[in-house]
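Letters A, B, C and D mark the chains in the order given here, with residues in each chain numbered from 1 onward.
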Amino acid sequence: MQLHEYQAKNILSEYNVPIPFGQVALSDSECEKISSSINGKVVIKAQVHAGGRGKAGGIKIVDNPLDAKKVAQDMIGGTLKTFQSGGTKFPINKVYVEEASDILKEFYLAVTMDFDEKCPVIILSTEGGMNIEEVAEKTPDKIMKIHVNPLIGPSPYKVRNLLSSLNLEKKISQQISNIIQNLYRIFKSLDCTLIEINPLAITSQEKVIALDAKITIDDDSIFRHSDIEELFDETQMNRSELKALRNDLAYIKLDGGKVGCMVNGAGLAMATMDITMKAGAAPANFLDVGGSASEERIEEAYKIIASDNDVEVILVNLFGGILRCDVAAKGIINGFENYNKSIPMVVVLRGTNSEDAKLLLENSELDISFAEDLPTAASEITKKLKK
Amino acid sequence: MQLHEYQAKNILSEYNVPIPFGQVALSDSECEKISSSINGKVVIKAQVHAGGRGKAGGIKIVDNPLDAKKVAQDMIGGTLKTFQSGGTKFPINKVYVEEASDILKEFYLAVTMDFDEKCPVIILSTEGGMNIEEVAEKTPDKIMKIHVNPLIGPSPYKVRNLLSSLNLEKKISQQISNIIQNLYRIFKSLDCTLIEINPLAITSQEKVIALDAKITIDDDSIFRHSDIEELFDETQMNRSELKALRNDLAYIKLDGGKVGCMVNGAGLAMATMDITMKAGAAPANFLDVGGSASEERIEEAYKIIASDNDVEVILVNLFGGILRCDVAAKGIINGFENYNKSIPMVVVLRGTNSEDAKLLLENSELDISFAEDLPTAASEITKKLKK
Amino acid sequence: MNILNQDSNKVLIQGLGRDGSFQAERCIEFGTNIVSGVHPTKSGETFNRNIPIFGSVFEAVKKTSPEIGLIFVPAPFAADAIIEQIDASIPIIVCVTEGIPVSDMVKVNEYLKGKKTKLIGPNCPGYLIPDKKLKVGIIPGTIVKSGNVGVVSRSGTLTYEAIVQLTKLGIGQSACVGIGGDPINGTSFVDVLDMFEEDNKTEAIVMIGEIGGTKEQEAAERIKSSISKPVVASIVGQTAPEGRRMGHAGAVITGKSALASEKINSLRDAGVLIADSPTEIGLKVQELLKIK
Amino acid sequence: MNILNQDSNKVLIQGLGRDGSFQAERCIEFGTNIVSGVHPTKSGETFNRNIPIFGSVFEAVKKTSPEIGLIFVPAPFAADAIIEQIDASIPIIVCVTEGIPVSDMVKVNEYLKGKKTKLIGPNCPGYLIPDKKLKVGIIPGTIVKSGNVGVVSRSGTLTYEAIVQLTKLGIGQSACVGIGGDPINGTSFVDVLDMFEEDNKTEAIVMIGEIGGTKEQEAAERIKSSISKPVVASIVGQTAPEGRRMGHAGAVITGKSALASEKINSLRDAGVLIADSPTEIGLKVQELLKIK
């Protein structure tokens, strides 16, 4: 679960990570009011769940409260699409109003999980404010890492050794060192998968502050963070994604395809996509019902796929394990009956209770072709699409 | 560092450990006011750093705010001496005013460090409200323990297995289980050496609450808990103990002796005591100057010992290691000169720079006999005492 | 600990909710010797007629001496169940549960260091040895066939896909092992490859990988250095869109090595026969065995 | 890792403040081969004329290959220094620092599990081998004499007391080891007894214990089961008042076994010769060696 910048900054502040003075505004007049409490230039930032806001016009610097009001007027109620948002237009409901900082130098600082080393990792780069993937690719020596033993936390000696290689003033490196320890405390306490400060700025007053902040919480840990769950902003997801999330389904909308796909398991999902793509039929979406979906969740899954207007054919590829195919079949039939939209289906059912499932589907009013395996299903799909 | 009950209960509350409603009062009128906000009986508890308050008259139950006022009048400004306070009379500056609870059953619950297993341990006993040492001795099977891996924390399965052996209602064991997890969070976050809830009560409303609370923080960890350091109540220590503490000296006052002892190292201190006791000379106090005392700290040490009116002879037994004997000698001479109280001394000095030290002392105006070793020093002491 | 070469295979099942109970029955149907169950509130009861249920793993171990522990406990409690089984010294643990918090598994992984227990999963279908009539997990017993090909995969359902292909072509399996899709898990490709290498029954190996991480590259290195048996591999996700959920820092860590093409190159370089499409796994194995 | 039988004894000193620098000089005077120092802000400088100081342990290890690390770092940073030396794979670490938070040492202790490093201390005077001219720590070099008695103690200054008594009687020491007074430390009586048993130079052992804990009982058990060399022991604190600082729960854990009398009984039962007063340690050893 992703947090907005303003939510992340509240958390940073609570854990003693310095941030510039700022407040969230829900309206242009609020934005004006906050701006007038700030001396000097003011930064206004659209609160959306996408990176790359600056280039997309989601961050503006103004000189006075009146200009601030105007910017907020334009932003709030509008949408933002960035090069990182994957085509999605995110609605802007709030802006963050912040005093502008006088910046001498920008760093990149993140805490995340290193899955190869199976432990948290702290990433620091002198190339702050940049696209960090690009930095990693072009100048990998500018990316420095500290692997963290979960028992010990970030060893001060490792932090010290890393910072000493940068030849910073003692005053500066002491501040960064404290920020690293505090970020790690947030990472651990809130079960984060990512905390990213880009840029971490050194101001002309020699203060180190977090200018931007991105915090992502491990969805699987939300059950122990009810206070964080309340921060969830559902306006940042489209209706289908939200519905999928609420039903514990993994849904991805894809551009340009016509096939709606219902599968179980990420591996099988990827295999299905590889095979249908090769057969010339691009998917319109992907819905992974996961390991042990109930009848009700499968019904929701059917509705989500069927409500995608790009979908001309639905491919169901389920392999029963924990999931029972008969349960899935009932869910699909219920979905069809309650949603009442007939879309041709190609169905591959195998594993636990697949024979019962086929019987149920055959006796339904769905427009179904059964396939024994994926290649057959793929060619069946291309046939249906050509019709 | 020990906390008062009211301070400990504030912390419990912050970490979601249920406590009865209560507030601290600094005056009888405050006590009356708090009492009038409570329906039913009110418990008034003297806030002193000693256990066994109940038997010593430090805990009273009253029926109405007027009686509460009277009790507070008696307590505040007075002192309390309990069977656990080692002869010390603790001043009562505050009372804790709490609603009385309707108790069905009392448990003992503690988190502390098990030095044999080198890990934290949770101790639970069904014999709450009792002297736990007595329970441990007479019915050791009524003391249950959970050893905690510092990486994992208290494994829920261990807590569940322990609680299931008590055959409690699910509702009750769920509450105790949560309390255990929360106490451990406190233990870890605040670097405690002990958290003791005695009794942990089950009320007639089937709520589990902490009726009393004792929290001790590792003195060596205070440097990272400035907020806790502020809770320190210096009125609960006598002037010499306090002075010793402020100078990082370990000072213990003993009853009935006449020898003031300055040593370095706990082992040498104990050996010194064993030997002088055998020679028939009981110590009046013990001051361990520790591993690496400065001239100033030694000076304070001398003053603390010399200001004890029971002291007729001072025994100095130092073995230089990290501590340099010459530095110690200067400190003693300064102490003597600035405090200006001449007490005969027997001095054993060995190790690092001990020859320089002897020279310094010989040339001072102190009334000193040197001894080569401890037995000689002990007999020298008894001689001086007999004079 | 080679899970393929255990003599005795007594299984304990922890977590007997809807899924756990249903799957326990499927395991028993296949021939698995389930000796006990563990459930916090069903202590003293039995399941499948006469298998005893205990309140704690320690009790179950004391009374029934299982060598394998199978976990269906819900995600919030699953890491604790794994630790309970580790503490009870169960030599092999299979954790089917999906959705365990990453931070929990980081701790379990750290806790496992130096312990003798072998953990498979979590978020995995477990393993199945047709010849021994041993099914520990959720791989459908109906699709397997006894034989000489070892199958190992990160994906659950995709494992079944591969098994079906093999069985349809008359090619049996020595063992099928699903190591699970979670980024932090107990058993890696490398571990299972070593077991297959050591296992006398296994003559060829099928390995199914995915995009993301570098586990397939590690496997390629191991194959190059010390696996003498022929390997067929398939990597899925070649056409998958770049995951929107993957944070920047995540991409920084694995970089390009997470791509399917990089993995395929490493494996090919290690002498592995690549099935370009996951539908061709069976055919590739057939081809390999014929050549041989 | 037997600290007594290392061939090479190159020492690194971490923490070169007032005490560290002073004690480093004493070690060098005694003959110890100090090869490098570590201090966060003195990197590039030297001490004692020509010994290089590095900014990190890793750098010092890379350049000077020490086999022993000696720590004088202040308490708030000492646990981190121990971990830095463990991570740099220094085989023997002596930590003199006193006042390290208990919770820090619990973590260090957990972290050490499975590692090859041997930690002595913290809050200890270190060790000294007269014959090898090796002094790692703060035991005064002026009081020792080369010989065949091994001395081990929980207390710093009391160790010196025992050494002085031996030396005065003309009895030399094979090695003197102060394991430190903290409740959680790296090396126990048992560890050092084993080392003395193994060490050819050591003919008799002096062990000085204290009230509190059960380490002396553990030592008694080990002496009974596997120490063939004669042991003289003294336990101090027989007349000490019950510590007011000891919390209730602490007393619950150790109970009566913390008493001096209990410890003395266990040791006597293991065939140990008890010096009733710590002033009689030397005489008891003399008695023992004469009988022998």
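As a convention for this text, contacts are C-beta pairs under 8 Å (C-beta built on N, C-alpha and C of every residue); 3 or more make two chains touch, one makes a residue touch a chain.
Since we're looking at a predicted model, the values are computed, not measured.
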From chain D, the most remote chain by mean C-alpha position: A
Centroid distance [mean C-alpha coordinates] between chain D and chain B, Å: 28
Gap in Å, rounded to a whole number, between the CA centres of chain D and chain A: 54
Set of chain C residues in contact with two or more other chains: 107, 110
Sites on chain A at which at least two other chains make contact: 149-151
Topology of the chain contact graph, where touching chains are joined (line, ring, star, complete, other): complete
Contacting residues of chain B [partner chain C, same complex]: 149, 151-152, 155-157, 160-161, 164
Residue ranges of chain B touching chain D (in the complex, touch as defined): 51, 86, 110-116, 118-121, 123, 131-133, 136-137, 143, 149-151, 188, 191, 193-194, 196, 198, 214, 216, 218, 220-221, 223-224, 252, 254, 263-268, 270-271, 273-275, 277-278, 290-292, 318-322, 324, 350-352, 373-375
Chain A partner contacts - residues on chain D that touch it in the complex: 40, 43, 55-58, 77, 80-81, 83-84, 87, 107, 110-111
Contact footprint of chain A on chain C as seen in their complex: 19, 22-23, 26, 75-76, 96, 98-104, 106-107, 109-110, 123, 125, 138-140, 142-143, 153-161, 164-165, 181, 183-184, 208, 210-211, 213-214, 236-241, 244, 247-256, 277-279
Parts of chain A lying in touch with chain B, wherever the complex brings them together: 150-151
